[in-house]
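Chain naming follows the written order as A, B, C and D, and within any one chain the residues start at number 1.
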Amino acid sequence: MYSFKNDYSEGAHPSILKSLMKNNLDQQNGYGDDDYSLKAKECLKEKMGNPDAAVYFVSGGTQANLLVISALLRTHEAVISAATGHIFANETGAVELTGHKVIAVEGQNGKITASDIQNAVDSHQLRPHAVKPKMVYISNSTEIGTVYNKTELWEIAAACRALDLILFMDGARLGHALTAEGNDLTLADISHLTDVFYIGGTKNGALFGEAIVFKNSSLCSEFDYVLKQRGALLAKGRVLGIQFYELFREDLYFTLAAKANGYAQQIAEAISKAGYEFLTQPATNQLFPILPKKVIARLHEKFAFYVWKEIDKRSAAVRIITSWATDQKWVDEFAEDIKNSTNPKLDRISGKGK
Amino acid sequence: MYSFKNDYSEGAHPSILKSLMKNNLDQQNGYGDDDYSLKAKECLKEKMGNPDAAVYFVSGGTQANLLVISALLRTHEAVISAATGHIFANETGAVELTGHKVIAVEGQNGKITASDIQNAVDSHQLRPHAVKPKMVYISNSTEIGTVYNKTELWEIAAACRALDLILFMDGARLGHALTAEGNDLTLADISHLTDVFYIGGTKNGALFGEAIVFKNSSLCSEFDYVLKQRGALLAKGRVLGIQFYELFREDLYFTLAAKANGYAQQIAEAISKAGYEFLTQPATNQLFPILPKKVIARLHEKFAFYVWKEIDKRSAAVRIITSWATDQKWVDEFAEDIKNSTNPKLDRISGKGK
Amino acid sequence: MYSFKNDYSEGAHPSILKSLMKNNLDQQNGYGDDDYSLKAKECLKEKMGNPDAAVYFVSGGTQANLLVISALLRTHEAVISAATGHIFANETGAVELTGHKVIAVEGQNGKITASDIQNAVDSHQLRPHAVKPKMVYISNSTEIGTVYNKTELWEIAAACRALDLILFMDGARLGHALTAEGNDLTLADISHLTDVFYIGGTKNGALFGEAIVFKNSSLCSEFDYVLKQRGALLAKGRVLGIQFYELFREDLYFTLAAKANGYAQQIAEAISKAGYEFLTQPATNQLFPILPKKVIARLHEKFAFYVWKEIDKRSAAVRIITSWATDQKWVDEFAEDIKNSTNPKLDRISGKGK
Amino acid sequence: MYSFKNDYSEGAHPSILKSLMKNNLDQQNGYGDDDYSLKAKECLKEKMGNPDAAVYFVSGGTQANLLVISALLRTHEAVISAATGHIFANETGAVELTGHKVIAVEGQNGKITASDIQNAVDSHQLRPHAVKPKMVYISNSTEIGTVYNKTELWEIAAACRALDLILFMDGARLGHALTAEGNDLTLADISHLTDVFYIGGTKNGALFGEAIVFKNSSLCSEFDYVLKQRGALLAKGRVLGIQFYELFREDLYFTLAAKANGYAQQIAEAISKAGYEFLTQPATNQLFPILPKKVIARLHEKFAFYVWKEIDKRSAAVRIITSWATDQKWVDEFAEDIKNSTNPKLDRISGKGK
């Protein structure tokens, strides 16, 4: 069985492991005051062209989300998110546990617009009986693989400024967004247009780790206390610093993401050629093709992946995810199986028995 | 400068890094359902002789503490801890943030007794105006390097049973306790006498990671939700599983702790021989010698360590910590400097100018 | 100006004030252990035919909701509510502040069905990434004046039992529901079919106060601690006890609610006769008629009430609320004005100048 | 049995009940926007000579404490309190439930000094591992009946300013403090020297209710949201407004407190004359005399009061509390019994059998 279930099935990119090994016995300060973390932060700030930015490394995405939201909002202040947003749908109420309501808006293709934001604000005016919208949370790429373009992000940022809302981008798969075909945003743009975002390492080359970036340090005063009080401050911060320095010093981060997107594109093309449709248009390393259930059953004999959503009695949308660690051999085999799946003579696509 | 500041100045034991490298591209399930985590859990349960135990791996000690306490107590239930306890003194109110009061008792040498527990319960009887004591938190080894012996732990456990209190042991440095000279407790004893404890990896060989052990799984029903909701569930749980398997499959964990204790013992002996006293008797890898401020100043030219507490105008207690990664060469040099420090003729102990 | 804005514009029913005065200097225990509270609890348990019930008096509805939900659920457990539910829409995220997500379902006419509940559970199966639905919250009467009948409530209760969900009824306006025309539920039924509910005093005769009723005391062990820790335990609990005893000893509570419903019915009939429609069919003391904006403007010269929702350019739904304290004279005048509002000759409905 | 157990055994001062009755059917806005609340706030601001103050009425003392502290502090910020402070000892961890640690300092006679504050700050410098002290909480009168004088309060306020700490005074018994013999503080002084305080109604004439006073409104921006989200916003805010207006329009509040203090003084004098000592010197309406256990037993036949603390085998300190509602007849009888208690011939002090 080969797995296309997610982009965290393997370990880290070998360069990262090598770097961990190389620096292993070097004595360093604890709690993020190590040289590697400092160097990684400088490197990131340079890449973003934003010397005022403040960077913090944490272990995972849900942790990053709850830390940022609880640090920046008072409890009666709420976050606006797409209903598909990770904080609303997939984090077990982590944000609510910090005291905040998440206001879900429908959105489209996993994305929200300036007008969604305005509507959410308009419908929460009954002070003090309604929560006060104070932050907008977006994911790029989104939970269903789509990306924001520069105009869309600019409009959202303008709405946030106008409505006194903080703009927070969940970048668990930011690399895949910024290397997507047709993307016109850069890391510098993100840093400029949002108030805070994070750069996901876990799903793009790291053993684990996300880099939270505040546009400027005045936004996150005393964030060190917040990290510690919520159990997010690693004693050996060096482990995060070394990883992020390795990912960014020569843009390995973008190389890996582009690679993941490339594998997905090959699969997407095979699917399209075979005449199947997609739930949302392929853009990054997450694909949501709609396949006949028979085909799904056959593919499941060799490949692990999630069935996402029933479409009708005979077909369903599935989720295929690739990563920097995806094996070209299996991409080829999957593509081949898809191609053969439309051949009515074949009892089974390249099955085990072959 | 060589650092004796703490036991998390270096990376991981090389065997761990090698194992991470070896298994790196093996595809695994996420969120702790990987083969390595399962294997590590089985290994631990076997070492403890407790097939009913439930084991969870998390990133750090403060995280482990807040997860266990918030999962097991209702908010009006409180934790009894020594005033020197990590949750009371050094975790930025992490437990309070989950809604619980920590009741501090004075204790002695960082340890608390059955009678301290009884007193704390007695003084919180005014229901519902006083919080309800429901858990006892102890650290072994303690924050000042001392260890509990079997009798002491047995008495505490008996008091907890009698008073319907949960007994939780913080084992950030459990290895150092269980390999201390004179220790008569085993991992199996700990698992038997406490309701829940954790085995610290960060301070004894791992890159990061602690293993929370519940005596039986009925104690921690739905702990998976708790982990996720508090941002403590790593997508690549394999990273923790691989480390703990490596630490325990051939008892590397205990070998490393014994090594750390050994370095400390060498230093302690030099200190004793030189005629200096200790704030608490040396037992594990943390030493608290009382030294003349002049000697401290000279040592500080070559060695980094914390001044713990002023004793009088001319002397202070300092904290010296060793680890598995400590360098014998520097232990020797430190011992030599201590020995020379009592020589009135020497203007400076083996200073830079030598 | 006469106000139909809400049912808490006046003080308490005079019998309550008299009783407060009569017992004023009688010395009583604090914190709810007074004779009046005990008597009121016994009286309520008798009325419900449920000697196992446990009753607690608190100050207000939002307080009752957050206390019950936080006491009965673990933080990763969520509450299913109609999108119109008070806890979802009008309590400033009070439930979220206690750590719980509220799962909103669309519902119909402010009510939810067994099938809504099943759907909500079905869509939260991805353990541990989705919150765990554990409670159903319904309001009777609802926030838009409708009521549940016995069959509906029975079906919801059956669904809750089948799905291991706690059923909680917000009875801020329970009196108005139980005295509504066509209602077939009794206080005993409510106590039997729900796990916990509260009887609203504030909106039906009391100065303030709600009576939380748990079906049996095992459900709410240590609720006294919960009350105290959340600042909800009044020193002079007698003030709540005296009020609830007065409201229930001779069924004043139901008399007052029926009176409020009667006033609303008179207004509703006038509105219907005048040919206007309603957003939801009138049932209790809250009316949502759809009126031409011109008529609204004229009515607003004499009457205070909320515009609820724009229907189209020329008309809007408004909210008219009556209570036990409503003045018949003004009900008559409102009815008369409604009647005249359809007369095209009249420049203005019975205006100030008359 | 006559009770000296506390100052909330009776209802409200009759003037308050009369005022509630008089204004009962007057229609008013809900949620604190009623005329009575507005008038009461203006009245209070005038009495304090502070037009910038912002006043909010809530139901009880624990509620007031948790609202103020959670509104003004970030969760990693802690409150310094005397170990006898109500928030530390008697509120079931209400402050901790809002996420904050309470740092207890020993203090003396229930009071803390500027130097206690400095010490607490000094011992919490290990950022970010120690919580950040950010508020000082004092009670006046204290939980053991003592009062702060102007110099003491001025010194505390100066320390707070110097250390960037918010000064919060719990005034559950502020009336008794300000009318104590020898007191040199006024309501205006309190408003000037603290950042926020509250005026307790429950223990001095009201049915219930405390008035929170912020020195200026910039301190409590969005406190309306906080009240609502924590379930502390009464629909019929008028009930609180009417009470506080009645208490302050002609200084009834101070008259009642002085009366309570007067009763206590009579008892204290009888106790002194009889040759008994006090645990803390009598100052307000709480007395802590040390009596022989035999005498306590006899007094307990007629009087209810708490035994506070065992002193030795033969004697204990008890707590005697008087209030505006105390009956002179029973004060006299208590005094008489105390006087007779020292007569060795009497088998029992004015016992039942007489």
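Observations
The definition used in the following text is that a residue touches a chain if its C-beta (ideal position, glycine included) is under 8 Å from a C-beta of that chain, and two chains touch if they have at least 3 such contacts.
Quantities reported herein were computed from a predicted structural model and do not represent experimental measurements.
Between A-B and A-D, more C-beta contact pairs are found at A-B. Of all chains, the one whose mean C-alpha position sits at the greatest distance from that of subunit A is D.
Subunit B and subunit D have Cα centroids separated by 43 Å. Look at where the CA atoms of subunit A average out and do the same for subunit B: the two points lie 35 Å apart. Mean C-alpha positions place subunit A and subunit D at a centre distance of 53 Å. Along subunit A, residues 75-76, 91-93, 97, 128-129, 131, 225, 228-229, 233 each make contact with two or more other chains. Subunit D makes touch with subunit C in their complex at residues 2-3, 6, 8-12, 14, 17, 20-21, 23-30, 59-67, 91-94, 97, 202-203, 207-208, 225, 228-236, 238-239, 325. Of all the residues in subunit C, the ones that touch subunit A in their complex are 75-76, 78, 89-93, 96-97, 99-102, 126, 128-131.
Every residue of subunit D that touches subunit A in the complex is listed here, in rising order: 70, 74-76, 127-129, 131-132, 222, 224-229, 233.
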